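Each chain gets a letter, A, B, C and D, in the order it is written, and its residues are counted from 1.
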Amino acid sequence: MNKTLLMLTTAACITFAGLAGAEDIKVGALMGVTGPLANFIPPILNGAKLAEADVNKGGGLLDGQTMKLVVADSQASAQPSVDAAGKLVNIENVVAIMGALSSGATIAAANAVAIPNGVLQVSPTATAPSMTNLEDNDYVYRIVPSDNYQGKVLARAVLEEGFKKVAITYVNNDYGVGIGNTFKVEYEKLGGVVTKFSKHEDKKNSYRGELATLASSSADALVVIAYAAGSGAKIVKQSLENGFFEKFIGTDGLRDDILIQQIGAEALASSFFTSPSSPSSNAATEAFHARFDETFGGGSDKPFVDQAYDATMLIALAIQQAGSTDRAAVKNALRSVANAPGEIVGPGEWAKARELISAGKDINYEGVSGAHEFDENGDVAGYIGKYIVEGDSYKQTKIFN
Amino acid sequence: MIQLENVSKRFGGLTAVHNCSFSIPTGQITGVIGPNGAGKTTVFNMIAGLLQPSSGQIFLDGEDITSLPAHKRQSKGLYRTFQLAHEFSRMTVVENLMVAADSSIGENVFNAIFRPSIFQKQEHAAYDKAMETLRFLEIEKLQDELAGNLSGGQKKLLELGRTLMQTPKVILLDEIGAGVNRSLLSKIAVKIQQLNDDFGYTFCLIEHDLDYVSRLCDEVVVLAQATVLTTGTIEKIKRDERVVEAYFGGGKYEGAHA
Amino acid sequence: MELTGLFFYFVSFLTMAGIYAVICLALNIQWGFGGLFNAGIAGFYAIGAYSAAIITSTAASNNVGGLQQPIFVGMAVAAVIAGLVGWGIARLCVSLKSDYLAMATIGIAEIIRLVIVNEEWLTNGSLGVSNIPRPFEGVFKGQTAEIVFVLFVWIIVLLTYFISQRLHKSPWGRVLRAIRDNEDAAESIGKDTHSFRTQTFVIGAIFMALAGALSAHYFKYFSPDATEPILITFLAWVMLIAGGSGNNKGAIAGALVVWAIWSMTEILTGFLPSEWATRSSYMRMLLIGLFLQFVLQRYRSGLLPERAPKLDKLRRS
Amino acid sequence: MIDFINYYLIPGITLGSIYALGAVGISMIFGILRFAHFAHGDLMTTGAYIALTAVWTLGVPALAAIPIAVVGTALVAVLLDKAFYKPLRDLPSIYTVIASFGVALILRSAIQLLWGTDSQVYVVGFQKPLVFFDSFRIALRHMQIIAFTVVIAITLHFFLSYSKTGKSMRAVADDPELARIAGLDTEKIIRWTWLIGGGLAAIGGVFVGLDTDIHTNLGWNLLLPMFAAALLGGIGRPLGAMLGGLIIGVAEEICTFPIMEIEIISPSYKSAIAFIIMLALLLFRPQGLLKGRVL
């Protein structure tokens, strides 16, 4: 019985594996295609696809081979993420993995697949502080700052806005807890007063009780650290309806078009949001966004689009720099293409990068979402943007770093 | 010997059994008869321990067993069968009997996992006893059949067999003949008689079929309207006006083929 | 290269399938032998994973933990805690009839999840526990370590299978199946049904916890999102029913087949355009749902149907 | 104190109304078909999305889309029964329970496939609640939800007490054996059970969307509290289930009300309340408040 199964499975795998052209160089995209983060995925995936297209249009990888992005579904949960990563590495034989999104799925895939198999993994979005100290033999990177960083920046931004007293509500998951705690610590250290600090469960229908308690603490504004689609939009809506709060401060989870769609732009006029962003000096960012919207009909302002593009791009550059698809060589090349010094290469400049590398010059990729200087833990300092609502979308008004 | 003293059972507002007192003498076959709804099965369930009396007491050889849980009455030698066959449907016939044997060592979960050798002797004994019982009941050919696939009558035989796996003192048979064809029915009667004669087992049986009762039973207890109407030998009962009234007058007697 | 790749894919496939096989064997003891409808598998799995994680982790941030105990101590503690919790739950709930037991166990699993998410001092809440070691980590590195771990998992699978088989063949298992088939009749032949059911529930809970501990060591990191009931409870049920409840080999076969289907269908995601990849992969859930209906209607007894233990040894001509 | 009414009690009653509408179906299905229907929450989701489509394509307000959602979902429910539950009718109920788990998954993924996974709303923006006596605040949509639920409860009561079908349904729920002997058309009663259960679930789903937003896990998240509600009311007692829903909803919301500034129960344990009530009922009073059947 087991033997038949094994043979069937093998046959199936070979068929699937055979479908990709022999010349292609495959890079895995481990995404929570289904599951709780599903509604974030399409634009993020498009970001990665744009990078793939840029590479192939600009001359391809190595000796002109085609780069092929292989998407796998992590379901934003540990077990399927490990399984999907296992297939990417072993069946699809990818050179490196871009992903995963949620920290739980990323760490599980890294520990169970990427690290033991010696495959470079670059996550565009995993923000959990625990990633920093992963024993990863230098195989695991991320290009977003840890939650610790966004929490700290958020504290500065809130004080700069003149809010000395805020109430905080955060969703009870790794995202909310991570940012919530660091924000509170930093905000209080800088002299702010947290009038009330409470976590809430995702997906409930009414938060009015919690909000009434939060409102009774007479704060200037409410800091909402939650996903708009989970609880964030409901919290804002119920606060506005009942007059609990009028000003809201949100993070990248709340900075979602869903919020504007459900609340309307007017009511959000006095609120602001932070989100991992791009350096203001990078002129290429706007051009990239325009190109993205042109290609996919919009969506460039969605969270983590830039990061997905950059992560994919960095992997491609590392492969080019390594001069082969050897996984260890690719890993070793990553820092040299990402970190200064070197000639600066921006998004969409694949052809230029190719030339520089073949000329033996050191390059330094400065992406859409930042300069990406990896420290010894594979973390980046990153940039946090401040956003307000203008028209029917978000507009960046300031950059922190 | 089982004695019931003023046993009553109420379900909510309904009194199913009211002040019942009678005894099942050792070594005899006692029949319990009565029209439908007289409370026969309720009385049985109380003797077997599946139901607790609302009031009154039940004695087994002088010992009060009123509040003893059902599964502890078996060790006192009290066994029963059910009106609707209660076979273990997804187990084989021989397993149905073995499960009723004394397997105290192997039923300990630690022995089951860690020391399977120490209950092999009991297993052999259980198997031999089961086969012996199957041969006695003349269904040894069915030993590897799943019990769920047996006919109604065969299931009844199997249930009778299950009561014989250890040393029973009293066997309670709840309508052993219901849904069983004539020839198998008389076979069952022969077996009961044989068990009573050869081993001295005490039987108590609920039955609708008066012929069957008169063929087997030494004593008869008549239940009607939730209480004991009368007791005595079958001849005496048949002559009793009240019994005739209860059965035939009320028009409730459903005859032998219920 | 392709072949080595395939080989290591099978290693990771077999690791996950092995962990599911342990859950399925445990469920088979509870449901296949004992007829207990446990719909709260994820709860025991989580208890096992967290116990092992806290006991064995090499360092902890904000919660208790970082106790640096050997792996087998962690697994033993996981088993003991799950056994105690299982015993407590069983004392209360085990006499409930099937649907009611399902509701009760789902509710309990949810409460366990809430406790894990909220009691940060114990579990580090939603941030999860990291720094969980793997067995023999110091000795084997890289891909060798993967092979060592899959062997470790399958040793546990075989151990569980061996114990399940012993239970199945023993008089204990016979009584259990009798209780499953007819509780009243089992009482009438002197079996303490409540006690047997409690034991069954506890044994199942212990093995579910071991499966949880195995995944914690495999991921080296454990957070509440790994206890998603659809992925643990529901999938395990589909596996057992497809494999053949009441049959230990069936439980393992079910875990392999269903995890293979789950894993294979995922590959399809990569072949679809991104706009469709996101939606069409729900086809997979849909297919698993339909597959279950198909099995229930056509192959109810599963791939390897239940068989009575052989009695040949007892037969003397 | 007024805070308690505005922010704890009214949301509790609203939530309770939604639970009530789902619990009716669960209770009736449990009573008449004898199994716990784990796909009932996803029937609510189905209703909410059908109404959303009506709102999008016809441009009608959500309340006006309710009849369409009711008819659509009721039909879906009957079809599900035909395809997945009927073939298992003669087997032990546990097979149907497992099947219903699968149906829940099928419904949810079908919805995700057809409508995507973004959360949606019927109306953009927010409305200030109505204010009475300068202090009592209630949102118009909450008044609508509560009033509608009361009307449904009254209608249901009359249907069950006076119509022939309603009376037969009660008879089957009370004693299926007796009902069969009395020659009731069981299949017809089952059809009605699905029509009513599915229809009311759809209304509940639309109400969730009206109150907050519509997403694909909407019904699944409500499932266990609705089971608790059905148990609380007594299995096979539709009106009991509605009362149970109300109690569970209110209990869930008010349990976090801080007494003397102290939160006795942390809001993050809010969802545990329904489970604890459910467990307590299962263990100590499985017949529920209104003496339902214990199967």
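Quick notes
Definition applied: a contact is a pair of C-beta atoms (placed from the backbone, for glycine too) under 8 Å apart; a residue touches a chain by one contact, two chains touch by 3 or more.
Given the structure is predicted, the values throughout are model-derived calculations rather than measurements.
Within the contact network of the assembly, the step distance from subunit A to subunit C comes to 1. Think of the whole protein's Cα atoms as having one middle point; the chain whose own Cα middle lies nearest to it is C. When chain centres are defined as mean Cα coordinates, B lies farthest from subunit A. Centroid to centroid, with C-alpha atoms defining each point, subunit A and subunit B lie 72 Å apart.
One finds 38 Å separating the Cα centroids of subunit A and subunit D.
One inter-chain figure worth recording: subunit B and subunit D are separated by 47 Å, centre to centre, where each centre is the mean of the chain's CA atoms.
Separating the centre of subunit B from that of subunit C, both taken as means of CA atoms, is a distance of 42 Å. The set of subunit A residues touching two or more other chains comprises 34, 38, 172. Among the residues of subunit B, none is in touch with two or more other chains.
The multi-chain contact residues of subunit C, meaning those touching 2 or more other chains, are 117-118, 278, 282, 284-285.
Here, these are the chain pairs in contact: A-C, A-D, B-C, C-D.
Chain contact summary for the complex, subunit C toward subunit B: residues 163, 166-167, 169-175, 177-178, 180-182, 184-193, 199, 203, 246, 306, 308, 311, 314-315.
Contacts from subunit D toward subunit A in the complex involve residues 3, 6-8, 11-12, 14-15, 18, 112, 116-119, 121, 124-129, 137, 139, 208, 211-213, 215, 217, 221, 253-254, 256-258, 263, 267-268, 270-271. Of all residues in subunit B, only 48-50, 69-75, 79-80, 82, 86-92, 94-96, 98-100, 103, 105-109, 111-113, 116, 119, 122-124, 126-127, 144, 146, 159, 162, 165 touch subunit C in the complex they form.
Every residue of subunit D that touches subunit C in the complex is listed here, in rising order: 30, 35-36, 83-84, 87-88, 91-95, 97-99, 101-106, 108-110, 112-113, 116-117, 224, 227-228, 231, 266, 268-269, 271-272, 275-276, 278-279, 282-283, 286, 295. By the touch criterion stated above, subunit C contacts subunit D in their complex at residues 37, 92-93, 96-100, 102-104, 106-108, 110-111, 114, 117-118, 230, 234, 237-238, 241, 278-280, 282-286, 288-290, 292-293, 296-297, 300.
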